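Same chain, two partners: subunit A is paired with subunit B first, then with subunit C.
What follows is the complex of A and B.
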């Protein structure tokens, strides 16, 4: 396979050449890219706010494709799981969609009495020129709740710009609520979306450390909590791609410090707790944290070693949305004795990739904004046994006869926290070791790259 | 529960769609284009459209879905998407090397007014379309129609770009299957083969979206109608178009272009619609119906006779795509059941016409085009039903109202099997009645008091 000329600098093999890496580029027109759009970025970030109405201003498609596809769990209201749209038709494309939007907002607010409304702009709104801002302002004044426009027109950049638009929308909520009674040991959790209930695990750890969580942004999110977020002493940023921007805005406006954390894997999870304890400079808290960490590790480690026995030496490919997630995955896989031989992301930054390069072993392929042809080629070249990715990658892995683990928003099992590491190991184990793979040939390419000669690694080959 | 938000009281809300029973045109065009052999569907718009469509199709079919995008940026929205599409065509033929690129538009490219035929002419002039390769297109503005319309438009595009009349009629029948599963397309072809009829089916997603696991990721799986076959449809003896909404546009276009007579039938769900399909095929191809097919039919009728007492009078709510709903409602009436609520999100007066014919004997029936699932739920809240049939989104209502639920239609995101087992034909109807009876009996076993929990039905 030939990597396309325009993409040559988006593929790097560690140890082969000096590191000159390109990323944060628009995908080439015509590519079968795995990426999504600005709207998608905003939608996934704000989606978990469960007591807000999320209204998609556009044709039905954008609302239909984002209807309850993300397992962001709520411990209470579930308004976020309904699909609301203005279903723009030809008439509005010609005459403008503002009156329809206004009506829809009034009907929605009267019917559901939400704490706030987010109105998402889609491609078409950007072109027909509806004034979202004005309509939202008017309805907000009339109904007395925040009605916040999200400037997420699909073509206005990449998914990352969608994250930014979502952060800007969040900034309109933050600062509205009272901050009295908030502990001096308090944090906001940024960039955990409570997939499979993960934020509940993390919140429990912080509670046991004696740290108050003011707001989950946006996992299991509530409008009133987010409105108080400026009262927290520290922002913990997990998904850096989506939330660094919000942390930056909050630092500028409210002077809140932030810490980069990750809740995946034992090392990173422990560091996420220790980092907080260090920040608060409280010896008691540090002691509690040490006890917590050692207790949790003791509980999972023996079982992890069992999985490691079976998985050691197997190779993995990782292709995820944000590169930050990839760091933790490489480390977590290493703990299981597995080597990450292909690693890439849709939206990583130059800095992310430089860090990845440091983290990975020689020969590892690092790739930005990849496509199915490249990915399946690399997987075969490197004789990979496990692919970690999202919805579009799963069937590709299976077609190649290898295991798969969803580390995207379709995961159903919590992978965060110490217990999450055990869940992760179990999921990797069951997929990689599944008996089904013995019924299909697995092809790998011989070591020389680009060699078209296939070898079957299994004894039974049709 | 999730849908406790649904009010019983039905108020007017024309500006607001809650829980849609449709999605947008481009995904239909993408699905149809996957039914051409060696074809790469191409989405002319922002990246997100393509990603969403691929994800949704992947979730439904559990298969890799390949499609490319024009990756619109702010520049494209101001200056038009011509440069993107030209660049895309060049890139795709260089890297992915398909026989056909099937371009569909999106709301964005429609509103900025990209003239696709003009752009394709330019690509041809510039020599960007290699010898023996094709770029076809259809317009699929998301703010018109629904995913079904998009499917219909792409199939019509196939006719527009490929159909030729060579002057000499070929001994073959065209079948436009409508938006059905790969398994259904396979079954329709089997029925025709059983009758000794040579067919060209377009599109044909069997062996594309139900490909076997071979240890290789085949970018273009082996199925799909070939360009050569598509070029021959103008010389076929006739066309059978299944489903008014998904298939009639292409059949009419082919007749206008190449004088191929056509008949528009319902999707062959259930006994009567399959009878009509078999009979039409028989007449059109001038063949006899073989005993083997009569036996299939006989087994279906036999099964229905065994089951009929359990079906009688059961009230059913259905939602989904119009062509499926029309045929399915008719079958339910055949089974002596009562399809009382039927909602499609796809707009079209024709649906209401068709439904009033099918539901003539069910005076209490309500049906709506351009409706949403919220409305269906409100109807159910006002007067309950015994069974709900529709795509995966029905599971919310099923759980909230505690109604047995059968998944049928698009998308099905939480079960596997629809792409392997047909719903069409007599065999497909057998599968349907098995499912319906299973759902009803499981419910009875769950709810009945212990003394009437019986071993024998």
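What follows is the complex of A and C.
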């Protein structure tokens, strides 16, 4: 396989050459990037806010493809699971879509009584020149709720620019609410989207430490909570790609410190709790945290060791949206005795990739904004037993007879927290150790090569 | 008169019952041997459509994008499109690239044909794939329009005439991979040489691989598409297709091919029409195998007729799927009480009137251009016994406690969407059994006794 000329600096093999890595570029035309667009970036970040109406101003497709596609759960209202669009037709493309948008907003607000509305601009809105700002302002004044334009025209950059547009929209909410009564030991959780209920696991840990969570941004999100987020003492940022920018804006405007955390894997999860305890410099809290961590680890560790026995020495490939997720996955796989030999992301930054390089072993392929041709080649070359990615990577793995774990928006299994690590290990185990691979050509070829197989160790776990 | 339902006046679409045009076009291009679809627009269009198709087909679906930036939006996407073509050729070595436009490239007014002419001159002939272009702005129509427009574009831009051959060309419409396989089996059993366009029966529902295939094997061969103008007959399945989208009509007018327009062969009556047409074209009787399938199907109709009589169904999806289902439901004594589609063919009510018996008049709500909120209101009013349509109706099935028989596209909440068979006597048999059993199950579950026999 030949890597396209325009992409050569986005593929690196550790140990082979000086590290000159390119990233944060517009995808190469015709390369079949796994990325989506600016709109997608905004839509995924704001999606979990469950008591807001999310109105896509554009043709039907953009809204239809994002209808109820994430596993982002809500403990209450579920407005976010509906798909609203202005379904622009030729008439509006010619005459402008503002009147239709105005009517749509009025109708939606009267019917659903949301706490706020997000209006997403799509490609053609950017071209026909609808004044989203003006329409939103007018409706907001009339109806008395925040109606916030999200400048997410698909062509105006990459998915990462969509994250920024979403953060800018969130800043319009933050600061509107009262902050009285908020504990001095308080945090906002940024960049957890409550997939499969993960933020509930995390919130429970912080509650047991004595820390108040002011707002989940945006997991199980509520408008009124986000409006009070400026009252928190600390921002905890997971998913660096989407939320670092919001943390930066909140630091500038409200002086709130932030901490990079990851809730995935034993080490990172523990550090996410200890880091908070250290920040608040409270000895009692630190003690509670230590008890919590050791109790949780005691509960999952023996079982993890069993999985490790079966999985040790197997190789994995990781290709995810944000690079921060990749760090945690490399570490978590290592805990299971597995080696990551291919790792990449859609939106990583230069620092992210430098860190990945440090974290990985020699020979590991590091890749930015990859595509099916490259990914399928790399996973075959490295002969991995497991591929971790999203929906678009799944069939690449399955077609070649390789185990797969979804680490993206659609998953229904909680992977965060200590219990999440156990879920993750179980899923990896169930996929890698499944007997179905014995029928696949990949397995049969490796058998003729005399590779050792080990489904016999399946007895280890139920 | 049948009740033609107008969507209630609102400016907002709630849970659309349609997708955008480039999705339909991409699916068609994936049904051509050695072809790669390329969307001329933002990266997101290609990625969303890939994701949506993958969730149904569970197969790799590569769709390239010309990946517009802000400057291409201002100065035109010509340079991007040419670079995309160049990169697709160098990565995939395709036999054909199918270029579909998007809202964005249509709105800024890119002249794709002109760009392609330039590209052809600059690239030269050697090693250059066939390039087909179709206009698919999603502010006109929906995914089914994109599908039919792409079939028509391929035929218009690739097919040529000449002395007639024995080949029959069939345009199956947007049906499942299993339906396509069945159609091919039928054509082979009739001893017919054929072109089926598109044919994604293997490319989108293939076997496990030993090495990665950057273009999935299978699909309608380009050489046969070239010869389509020399077919002795062309069949378009789908009665709700507009005349200018009907590729069989085009072949008839342009090359004097004998053209037929039939419905999707769902149920006995519509399948009979297809089989009789094929028997005439092949000059032979309907093979015994199909006569037996037909006989068993009628036997099953009789066995189960009491469970179905008067039961009301809500059917939704593409117009021709709805029409085929309604025709089948009526022949087993059910009432297609709601016939809804997010598309606007303008023909669904008229075609239903032709196919449904007079006794059904006044019992069927026909709704075109609707979303799932409109369908919900119809369900509220009509209270059907069963829903028949794609996975996106599941929230309504759950809300109202009505069984959902999954048909069509997308099937996102079950395994095996591409393997669902809807057509022919065999497909009707499977559909029939699923519907009867869903109704029996609903009755059994509600019964205080809980019979273990029926």
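Please note the rule applied: the second predicted complex is superposed on the first by the 442 of 462 C-alpha atoms of A that agree within 3 Å, B and C clash if a C-alpha of one lies under 4 Å from a C-alpha of the other, contacts with A are read in each partner's own complex, and residues count from 1 in each chain.
In this text, a residue touches a chain if its C-beta (ideal position, glycine included) is under 8 Å from a C-beta of that chain, and two chains touch if they have at least 3 such contacts.
Computed from a predicted model, the values in this text were never measured in an experiment.
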| item | value |
| --- | --- |
| Combined model on subunit A: subunit C and subunit B, fit or clash | clash |
| Subunit B versus subunit C as contact partner of A:103, first or second or both or neither | both |
| Partner chain in contact with A:239 - subunit B first, subunit C second, else both or neither | neither |
| Subunit B versus subunit C as contact partner of A:443, first or second or both or neither | first |
| First, second, both or neither for A:336, with subunit B first and subunit C second | neither |
| Which superposed partner A:78 touches (first subunit B, second subunit C, both, neither) | first |
| Partner chain in contact with A:28 - subunit B first, subunit C second, else both or neither | both |
| Subunit B/subunit C common contact set on subunit A | 2, 4, 26-40, 58-67, 82-90, 92-93, 100-101, 103-104, 107-108, 122-124, 126-128, 154-158, 372-373, 376, 391-392, 394-396, 398-401, 440-442 |
| Interface residues, subunit A side, partner subunit C - complex | 2, 4, 6, 26-40, 55, 58-68, 82-90, 92-93, 100-101, 103-104, 107-108, 122-124, 126-128, 154-158, 371-373, 376-377, 380, 391-392, 394-396, 398-401, 439-442, 445 |
| Footprint of subunit A on subunit B - complex, ascending | 2-3, 5, 7, 11, 13-20, 22-27, 40, 42, 45-56, 58-59, 62-74, 76-77, 83-85, 87-92, 94-96, 106-108, 111-112, 141-144, 146, 211, 213-219, 345, 393 |
| Subunit B partner contacts - residues on subunit A that touch it in the complex | 2, 4, 26-40, 58-67, 69, 78-79, 81-90, 92-93, 99-104, 107-108, 111-112, 122-124, 126-128, 154-159, 372-373, 376, 391-392, 394-396, 398-401, 440-443, 456 |
| Residue ranges of subunit C touching subunit A (in the complex, touch as defined) | 10-16, 18-20, 22-23, 38, 41-52, 54-55, 58-70, 72-73, 80-81, 83-88, 90-92, 102-104, 107-108, 137-140, 142, 206, 208-214, 342, 392, 395 |
